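What follows is chain A paired twice: with chain B in the first complex and chain C in the second.
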Partner chain A sequence: MRRLHVYLLFAAVVLALVYADRLNAYWMHVAIIAMYYGILASSWSLLAGYVGLFSLGHTAFASIGGYTSALLVKWLGISIPLGMAAGIVVCCALGAGIGWVCLRMSGPYLAIFTLGFSEIVRITLSTEDDVTAGMAGLRTETLFHSATRLPYFYVAFALLAVSLLLMGLLVRSRWGLFLRAIREDERAAGASGVAVARFRILAFAIASGFAGLAGGFYAHYIGIMTPSVGDLDEMAKLVVMTVIGGMERLPTAVGGAFVVEAVLELLREYGQWRLPIFGIVLLLTMRFARNGLLTPVWLGFVRLGEPRVERRGTVRDLPQKDSAA
Partner chain B sequence: MSHGAELVRGVGLVKRFGGIIANDAVDFAVAEGDLIGLIGPNGSGKTTLINVLTGHLDPDGGGVLVRGQKMSGRPPHIYAGMGVARTFQLTQLWSRMTVLENMLVPGLTRPHSTWPEVTRRARRYLELLNLSPVEQLQAKNLSGGQQKLLELGRCLMLEPAVLFLDEPFAGVHPRLREEIITAIRELHQGGRTFVVVDHDMESIFRLSRRLVVMARGRKIADGEPAVVRMDQTVLAAYAGL
Partner chain C sequence: MNWEYMLVQVVNGAVIGVIYALIAVGVTLVFSILKIVNFAHGDLYMLGGYCAYYVIEYAGFPPLLAMLVSMAALFVGAIVLERLLLTPLYSDRTERKDEYGLIVTFGLAFFLRNTAIIAFGPFPLKPPSFIPGVQRVGNLIVTNDRLVAGGIGIVLILALVYFMYRTIWGQALDAVSQSRDSAAIVGINARRFNSFAFGIGAALAAAAGALIAPIFSLAPGMGVLPNIHAYVIVILGGMGSVTGSIIAGLLLGEAENLFTAFFPDPTRAFAYTNAFGVLVLMVVLMFRPQGLFGRAHLRME
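What follows is the complex of A and B.
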């Protein structure tokens, strides 16, 4: 059956939504945080996996989005969704600015530059305590005044689904093809008519916007914003999630966020030792499964229902009508 | 030799890398219908000249005109949009994208292009270049010669007025070299303009209608191949005199 994976995925989503209330408060919180990381991991995958821009400033944008929304709600009394929208706009603008400044950078230079940006953001948020409350944390308005976390679960789910849908449409469009061409070879992309600078800036702006969205949600879920939301530990965790899942596909990046978040919780009884365990998993992934541990699983899943001969991969090497579009 | 309107002109082009002058006041014009062979010893400045004429390097002196428009400071995609396509000395494909995707990208950059129309056109060129059976393979899995053909195909997807081919025969099996020569000839007869840089003299002499020779960053000869090959300056340059 063609598209069997789509039906299965849809069924799983429906089941998750219907039975979400059976999760206890603790695991519901873990699921919500996993979805927050899911938005961050997929948008970082868009930037690092699809375009090859290895930015280490992604969680800084989540932080900026969160603080922007929280402060605007606090100062101007605007609604939380409007504050979150403002956070997205600010992150898009700043992301475009960073993208423009980094136009000629790639690889380690880009990583170091964005790391510097991230540290500037973190230190600024830490030291400007008149505005941000510094390390004590900024109290924020919460989205719901509910005794259960269920409404947050649904909102997080909706935000993740919409983010994935929008990013999915982007990567399947001609722009997605151009972004991958830039990742593979910028010179060749330019020679083929791709406006490399424009698309690099656009990728930074879009990915930063989604990070801002995630940060805005986080701010109004947790009820407090601290500079640690955008610190290097958080960025490292995001990289681990995306790389372990598979950074060149949005679903595997999200899967990585879910798996890592869940396993980190399951390993909590081992205290700080859970982090070296993840270090080892990351090393093994880089050595033996560079495309991520979940990529083969995902590829197997999307091929469910395809004719057996096609699943062996031999027929796919032959010309197929309309397969590219 | 030139039978059409001028497409690309480099005027007094100078390009320096540190103390080395790669292009020293080079004038170079390409007109519609040309099939130019650009030759010269290693380090004579051929690739630099192509890089400057296609927007991949900014000249330190002089300027480039495409269809009469000044192009200084413009990025390569603007050149591509104006019909100036190029291949690279070391083949630069998008190796983890399929052959068909490699063809689609330039086609889809064209204004008003649609996926079905671009896909149809890509398949037509893949047929012409004998690459249809491998259209779903990743480009990195092609042989060296097939990669050269794919790079040529990718240029054609821009529907360019002029193609600069940088060493299209380098490291290519003789049978595939013949395929490339045949493809260039057919495309030239179909109205395309070519500038071909290569060290394979036999192929260049067979192909070109006009021959330009460079040495030590300067253009030392420009004319009909039969005349240029007897030029004493050219012979001296190749003999290292």
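What follows is the complex of A and C.
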């Protein structure tokens, strides 16, 4: 059974889809929101984990995607999927722009720049209240008019699955190798013939597009858009999720989003204590298990079907960066 | 638009500029020694403000003494945090230190801000004034608190400049910032100076927090915007340049206050003031990443 983990995953997906209607409304909502964060976390891990572009503007793109879609649907009366597509296009274009502008920046400079970008987006969205309704929130068309959340669950599931599939294909392709080469050493990558500039812009555009997709879905699921969707607290939450899960792999990033969102809900009775606790967990993860808490779990899972060969003294137990996804 | 109104704006701008500079020199100091951008600096500023508030409230200290206590407390606290969290930055085995420094300080900021909401409550608090009352010159009114904040801020900045350029410890700091290895050769313990720089930065931020508290008030989220402003200043003045930060701090304080005064739509002026600072930051990063007074050896690779 070489590909046991794939079959297991597939079985889990089928079970989840078949038994989804057993979830009560509350946990259904939690699951949908977790999938929203899953798309954001995986696309952020594509940007920060794979290419090493530590952008703090990722949730700003989600809010741009959401507002674009909501406003276009409201003004032009176009259908919601079309609006979401428009949101994705706008985010891709803006993301490419940001990627181009900060080509020369690295590490903290890029983080500061994108932080600035997200602040400008947030301030503009909350100040231009005759267009965006400001902090009061913009009412949006919802995707379905059904009494249950089940259709949303399936849509969120499909969006997450398609996003993961596309990003997974990207990171396993030759291009994915280029992206990781840029992370390790930009100059060495350039010297080996990787078009660094082009791939940095591309990575920004793609990741922002997925953020826009997530934002568009969020807008038409919740039914209200506020500027706080893209604020610094949301970004911090996203960083917590992705880093705790493991930012260098897409599945662990999504797993981080699921686990953190679920635990946040389970610990609801502890109220505000939950966030500082996750802050500590994040710090401990960075300090002692930088690859993320779910990475060993995922690697063990991937190796499930492989024949157990005892290879003493080999590097088998070291985290293997290149066996991603 | 009359001249007196503008003069008030200039004075207010100068006071805010001094406070900004006080926060920004901490960021720049930490950057030049530890080579990281501290994303939790604004939250140390917030903690400093609260610390001074509680010292006044429960120990009954006069505000000025409370500010000193708060500076000392943050100095020690920051050194503890640096020892606990930032030591991997000095190890050769740590890969991609930029990323490590970023995520750890960002996580620390998240932790401190959310802990502050629980510990201090979400509602704004206001400590007593340093010296109650206002000063009038003609029709011009400036509160004493602003004058005190500006005055003490200037004293602290001058003390820092003296320390950096005229004392052996300051020169040792400068040596570490230029070359860790060469500093080690002449017998400077670079590790000790890492802690020291982090502590000094935090103490200055604490002073800024204590000084600003009677003017605006204290809130757990108060550190976010000054943090961004500190980056604007540090980028504008050049990473690692203390003088640059001071000049850029004053420039930004003035520019923002005049921007608010002259923005065509007064209902939105205040909101866009912050966006204006950030816009300056982005433009400088795009066209002159080393800043106005950047020092070549401190450019980030």
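By definition in this document, the second predicted complex is superposed on the first by the 309 of 325 C-alpha atoms of A that agree within 3 Å, B and C clash if a C-alpha of one lies under 4 Å from a C-alpha of the other, contacts with A are read in each partner's own complex, and residues count from 1 in each chain.
The rule we apply is simple: a contact is a pair of C-beta atoms (placed from the backbone, for glycine too) under 8 Å apart; a residue touches a chain by one contact, two chains touch by 3 or more.
No experiment lies behind these values; they were computed from the predicted model shown.
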item	value
First, second, both or neither for A:126, with chain B first and chain C second	second
Chain B versus chain C as contact partner of A:190, first or second or both or neither	first
Chain B or chain C, by number of chain A residues touched	C
First, second, both or neither for A:162, with chain B first and chain C second	neither
First (chain B), second (chain C), both or neither touched by A:279	second
Partner chain(s) touched by A:15 [first = chain B, second = chain C, both, neither]	neither
First, second, both or neither for A:25, with chain B first and chain C second	neither
First, second, both or neither for A:106, with chain B first and chain C second	second
Footprint overlap on chain A, comparing chain B with chain C	none
Residue numbers on chain B that touch chain A, as the complex places them	54-56, 75-77, 80-81, 85-86, 88, 92-98, 100-101, 104-106, 108-110, 115-116, 119, 122-123, 132-137, 154, 157-158
Chain C residues touching chain A - in the complex, by the definition given at the top	36-37, 39, 84-85, 88, 96, 98-104, 106-112, 114-115, 117-118, 224, 228, 231, 235, 268, 271-272, 274-275, 278-279, 281-282, 285-286, 289, 300-301
Touching residues (chain side chain A, partner chain B) in the complex	174, 177-178, 180-181, 184-185, 187-197, 316-320, 322-325
Of chain A, residues touching chain C in the complex	48, 52, 54, 56, 101-102, 104-109, 111-113, 115-117, 119-120, 123-124, 126-127, 183, 232, 236, 239-240, 243, 272-273, 275-276, 278-280, 282-283, 286-287, 290
